[in-house]
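Both complexes shown next keep chain A, but they swap its partner, so chain B is in the first and chain C is in the second.
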Partner chain A sequence: MRKHILTTIALALGLGLTASAQSFLENSQVNGSFQTDAQYYMRDNGIDINDLYGKKMGINGFGKVNYTNGNFTAGMRFEAFLPEMNGFRQELNGVGLANFFASYDNGFIGMTVGDIYDQFGCGFVFRTYEEWSLGMDNALRGARVVLRPTQGVTLKGVYGRQRFFWYPYLERDMGAEEYRGIVRGVDAEWDLNQSIPAMNDTKFKMSVGGSFVSKKQEDMSLFYYIPENVGAAAGRIRLGYGNWAFSTEYAYKINDPSAINNFIYKEGRAILSSLSYSQKGFGAVLQVKRIDNMSFKSMYTGKQNDLDINFIPPINYTHTHSLPSMYTYSTQPNGEMAAQLQVNYTIPKGTALGGKYGTKLAFNFSQVNDIIRDSVIDHGNMVINKPGTLGYSSPFFGVSDHRFFRDINFEVDKKISQKWHLTAQYINLYYDIETIEGHAGAPVVQANIGFLDVTYKLNRKQSLRLELQGLWEKEVHAGYEYEESEKKDYQKRGDWAFALLEYTITPHWSFSIADKWNYGNPVEEYRDHYFTGTVSYTHEATRIMLTAGRQSEGVVCVGGVCRTVPASSGVMLTVSTAF
Partner chain B sequence: MKKLSIIIAAAALMLLVGGCDKIDINNTHKPFEPISGGKTVLIKDFTGVRCVNCPAAADYVHELQHRLGEDRIMVLSVHAGFLAQPVGQFPDFLTEEGTLWYNDNSSNPLFAVDYVSLMDGNTLYVEQIDTPVSEALSEPRLFSIDIWNTYDEDSRRLTVENTFTCEGDSEGKYYATVCLVEDSIVGWQTIPGGVDREYVFRNVFRGTLNGAAGELVSNGSVFFDDSFVVTNSMELDTIYNADQCYILTYIYDYESGKVLQTAMEKIK
Partner chain C sequence: MKKLMTLLLMAFVCVGLHAQSKTDLPNVTIKNMDGKDVNIATLNNNGKPIVLTFWATWCGPCIKEHNALNDVYEDWQNETGVKIYAVSIDDSRSTAKVKPVVEGKGWEFEILLDVNSDLKRAMNVSNPPHTFLFDGNGKLVYQHTGYIEGSEEELYEEILKYAKKK
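Entry: the complex of A and B
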């Protein structure tokens, strides 16, 4: 009898579990993506690559899988850099599980453990993110709680230690605390339109928010008393009325002496304001930004693009074509005053200039200058930026004459007929290469840049695209006198021409050939051609791309964060898929 | 909800109170605390006469040396890289060995703390050297070095006898490099805002007596109290001021390039 009862219970439990498991699986969703970038390097005396230093190949790859079931989400990312491609940090070399997390969110409370990507406001005091093309990942490994106690109110708390390549996270592991500290932060956001019923359907929109983030890192300096707890706070407001929108965020950071700011004890400040107007066919955005000593890292000795707790948004136009993107601005966390105006206008269809399909016009102006730095008194002496002092004083609205960057561009985008499509852009560029890229003593890049991008549809499936681009420097070009010892600083300088022809058979195939020619380099031996040929095949979410040829030296920038790409020659393969 | 608000407010308050340390601006420098032990540390300062940021970096290193003890911190100013190439009136301190140690880097100033050359893992900016210096000072001393210089004023012949004595048991391939250093040379140096025509160059590396890699001292096991003698000689260039010349000798692990001990002695 007893045996029968046990069997019955076991069967019932088994059936229950099976039904439960079935229901569980039915609610499951799995998605992910994979990508492998591999580059085979070859010697190429023509562009001065005479030695590969034993590295014939670089491979960067990742696989990401996320699982969702109702309120529960979990995911992981596996990475392999064996070895890392040239231009990526050597510390990436390795293979392993780089990222994992589990999260539960029922609308009232959300909790995440593992690697956290998040942002408070515009990122002035906290932003963790991953950018594959930069080889950058500053995820916070720890915990996050999100509370929504009432409609329109969101409270967040985060706590953890940032990813630093493959270095260990735990203090009991050798060196974990030596390389970076702990980050903890809170953020609150209140959307008044959601909270107050009377404001639900009004034209007036308003939300306010505030954040506080603190890092704790051990003081290991032999010279200076380093604050072990460094806090930063920010407040923000967003207002909207009809077609108008205004937002601003102000951030303050307490004394944070670090390698980036030359160990000065000045507080940091930042403000970003944005005013925009939009209506059908017209949009304009005006932005201003001031940054003063706002590098905020979880390792005070760090100087490179790693372990950043915060993010300083760039307010510059993002160019995507080859020559215009050669000189992309990299944000200067120690100080900058920036402004940007972007205007978009579409000339309506059916007008003389608009034609049958309308004509899109875009104008952008952005400029970045240094802030003013006045000396401060240290033991009776006037000093500027001396370690162990307040460093400097700076009037909040003062703008230095030292210009870092200016970009004035105008773009026309026009569909001429069913078969023809044209995009043309003119750019006037000023780029202080000494400050932005660290080429000491190198003359400023002042250039006129233009491109024409024409697409012609041969039939419903096939099209041809031609890009013609030119970059003409005002001062540095063939014949410019340079010092022999500074030759290396001129590797990508002077005038350039670029042409690309692409043949596409939708939806699968694309073939292109391109040449980038530094014909006006002041150094004769640098007047090189960079030929490339590319074939790509796309099938649904899978893409295979093979590129052979030369790659010129340059920078890759995403969101004002840049990495240098050395010149190379060889074959590159990219395989990516998603599900 | 009220309880929840109180908990959240309390957590935020705790973070605000505990999350900031304000340092008194009149008291930002730490007092010098001597570090016990006999290990010396070699800082190779890769610098250049036309490098605008190098004088400040050299000052930093010499302040470090002053604070931690000149008998414990040895500085070797190695002029290398394109900013060290002489143009016009700028002095020429380039050396073949220095260029080799520089390892084709592209900027100055750079530092190697207790390493032979600028290789992966030990190329440092000046602000990053505190911790490696502190760590290196705390390491046990494996060798002691005794330098005996004999200098003949007439012939300008210098003979250097280095004795390396083991202070523990170990195994490895140990090399020693014997360097000539000249101190307090006056000449042109780029500084912020222009050129200092009477800049005083400290601890300038003039070359080695036995090559960039030095020479083999021992290969295999070494035991406490073992001693090895290496003798070298050279003729001092007439432009060198013998009164300001030193011999700096270091012994290092050949496989890792890690410097184990350094010593310095005036030639006169």
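Entry: the complex of A and C
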């Protein structure tokens, strides 16, 4: 009898264990991705690459693996820059485990330890993210707690130190130059529609949120008193009624002298508001933004995008074709006033202008100006933007005459028949190259840009695509004799023409040739051709792409994927896969 | 009695084994265009296939792919009952533009917003467009990156394979 019971228990235990082990295994999921971009550089006197400085190759690679089991997830990303490709920051050079994390989330509470990517609202006070194609990663290494006490309410807390290339995280390992502060933040969001039953399905939508983030940094400066705790707060609201939507976010930061803001002791402010209307076939959105002294880094000596705690979203249109994306605006954290309007409209099918498939139209206007800066009285002296002072005062609604950027564009997208598809766009661009790219003294870029993108389907599997683009710049310094030292500022100036022919066989192959020609450069020796040939093979989630030729700075889209590339000459291989 | 107990125990264990049905849809919560939370693991289409496509308003090939998918979506739905979720990875630069773009272009798909790239990371998407096909049980059966003219046909062939199997 006892023996039988024991046998039964043993059997049950054994089975139970096998069962739980089996269900454990069954619930285990592993997925990941790999990518390697390798570039072999060649000298090319034609485009002024006379010296490779001992760097014949650049390889950027990563491998990422995630493990999931029910509510538990863990992952890691291994990176190798041996050395980094041209155009990426030299500090990336190295190899190692760049990112790892473990998290548990049961819907009520979520905990993550390790490297965290998150954002509060639109990112005005906190956003950590990773962008492989830019070599950008400001992950927060630390801990995060997410609480969802009731439907529609989300509370978050984060704490940690940000990634800064390969510099070690421990304080004692760092010299004064690389000192990083601790970042901590809390955020709350309340979605009324999800939390109040009576509002679940109303036409009226509303959610509110607020966040507070502070950094604790050590004052290492010999010249200034650096505040050791800097706080920033933001509040946001989102409203919707039927086809209308409105959202706004406002952020405030206490004085935070840094290398970026010229060590002034002024508070920072930011606001972004959006109003949109959309119904089937028509959508319009208007956005306005004001940024005043909002650079927020966990290291006050940081430059460029180093250790950014926050993110200031540029709101202008993002171009993806080669010539239109040559002059891309980047946010000026010290101050900007921006507005943009975008309208999308589809002329319905079956009308005279719509034809059989409808015609898609898009219009975008965006402009960015500087803010107004007035002098302030500091210790009895009138000062403006002087290091160690209150800096300046700025009227909230004031717009400076100094225009940084303007883009007016109009696009038509039309499927003409089963075989023909056409996209055309006209762009009128104003780009203050001196402010945006830091070329002191360089005249403003004013250009008309147009492109035509035509696809012809040969049959079910094969198609041809032709892109013709032109960029016509308002004449810069015509007939002027350039000094050698000045010439570098005219690398990509003047008129351009671009043509691309692509032949694709679904689902695997794409072959293309392209030429980009700076035929109207004001400096005669810069009137170069950038000729490239590309072959790409795609099998499900695996891509292999080989490009040979010259590449100028910009964004290139071939075979359906876009990436940014720096100027170079040589051969490039990209291999990526996901599983 | 003992045998009964043993049987019961075994039956219990077996039930325990089979109760777990595996889904490849990740346990990640993002929002739809109304701001409502959507847990991807809970997506279901009554045993019919589900397509997840990652896109962004600034991604030219994605717009092309979606225009092409939109042209055939109604036919596909009638034939196979497939449901397409278009996951926008637009960040705060362009989240406000998603709805006007989607409506302006007349797309019929369900749109989800992955503002913080949580789903993008969980599903290992490097560059959009990236398309995933799940069968009626949430099992990942096919994926494809990039878009070239006509590649939606290959996707449709895959959908057909899994629409028949129930």
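Simple rule for what comes next: the second predicted complex is superposed on the first by the 533 of 579 C-alpha atoms of A that agree within 3 Å, B and C clash if a C-alpha of one lies under 4 Å from a C-alpha of the other, contacts with A are read in each partner's own complex, and residues count from 1 in each chain.
Definition applied: a residue touches a chain if its C-beta (ideal position, glycine included) is under 8 Å from a C-beta of that chain, and two chains touch if they have at least 3 such contacts.
Note that the structure is predicted; figures quoted are calculated from it, not measured.
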Give one word, clash or fit, describing how chain B and chain C relate on chain A after superposing. fit
Chosen between chain B and chain C, the partner touching more chain A residues is C
First (chain B), second (chain C), both or neither: which does A:Pro313 touch? second
Have a look at where A:Tyr345 lands relative to chain B and chain C in the superposition and call it first, second, both or neither. second
When the two structures are overlaid on chain A, which partner does A:Ala541 contact: first (chain B), second (chain C), both, or neither? second
Have a look at where A:Phe100 lands relative to chain B and chain C in the superposition and call it first, second, both or neither. neither
Look at A:Gln119 in the shared chain and tell me whether it touches chain B only, chain C only, both, or neither; answer first, second, both or neither. second
I'd like to know which partner A:Thr150 touches here: chain B for first, chain C for second, both or neither. first
Answer with first, second, both or neither: which of chain B and chain C does A:Ser214 touch in the superposed model? first
Once both complexes sit on top of each other, what is the least C-alpha distance from chain B to chain C, rounded to whole angstrom? 22
Let me check the overlay on chain A: which residues of chain A are in contact with chain B and also with chain C? none
Note which residues of chain A are touching chain C in the complex, please. 4-5, 8, 11-12, 15-16, 19-20, 22-23, 26-27, 29, 31-33, 35, 64, 66, 68, 70-71, 73, 105, 107, 117-119, 121-123, 127, 129, 132-133, 191, 193-194, 205, 207, 238, 240, 245, 247, 272, 274, 276-285, 287, 311, 313-315, 318, 320-321, 342-346, 357-358, 360, 362, 413, 415, 421, 455, 457, 460-463, 465, 504, 506-507, 510, 536, 538, 540-541, 543, 557, 559-563, 576, 578-579
Provide the residue numbers of chain C that touch chain A in the complex, in ascending order. 2, 5-6, 9-10, 13, 16-17, 20, 22, 24, 26-27, 34-37, 39, 57-61, 63-65, 67, 71, 91-97, 99-106, 115-118, 121-130, 142-151, 153-154
Okay, in this complex, where on chain A does chain B touch? 90, 147, 149-150, 155, 157, 178, 184-186, 212-214, 216, 220-231, 254-255, 257, 259, 262-263, 265, 301, 303, 387-390, 438, 440, 483, 485-486, 488
As the complex stands, chain B meets chain A at residues 1, 4-5, 8, 11-12, 15-16, 18-23, 25, 27-30, 51-52, 60, 63-64, 67-68, 82-83, 85, 87, 106-107, 120, 125, 127-128, 130-131, 133-134
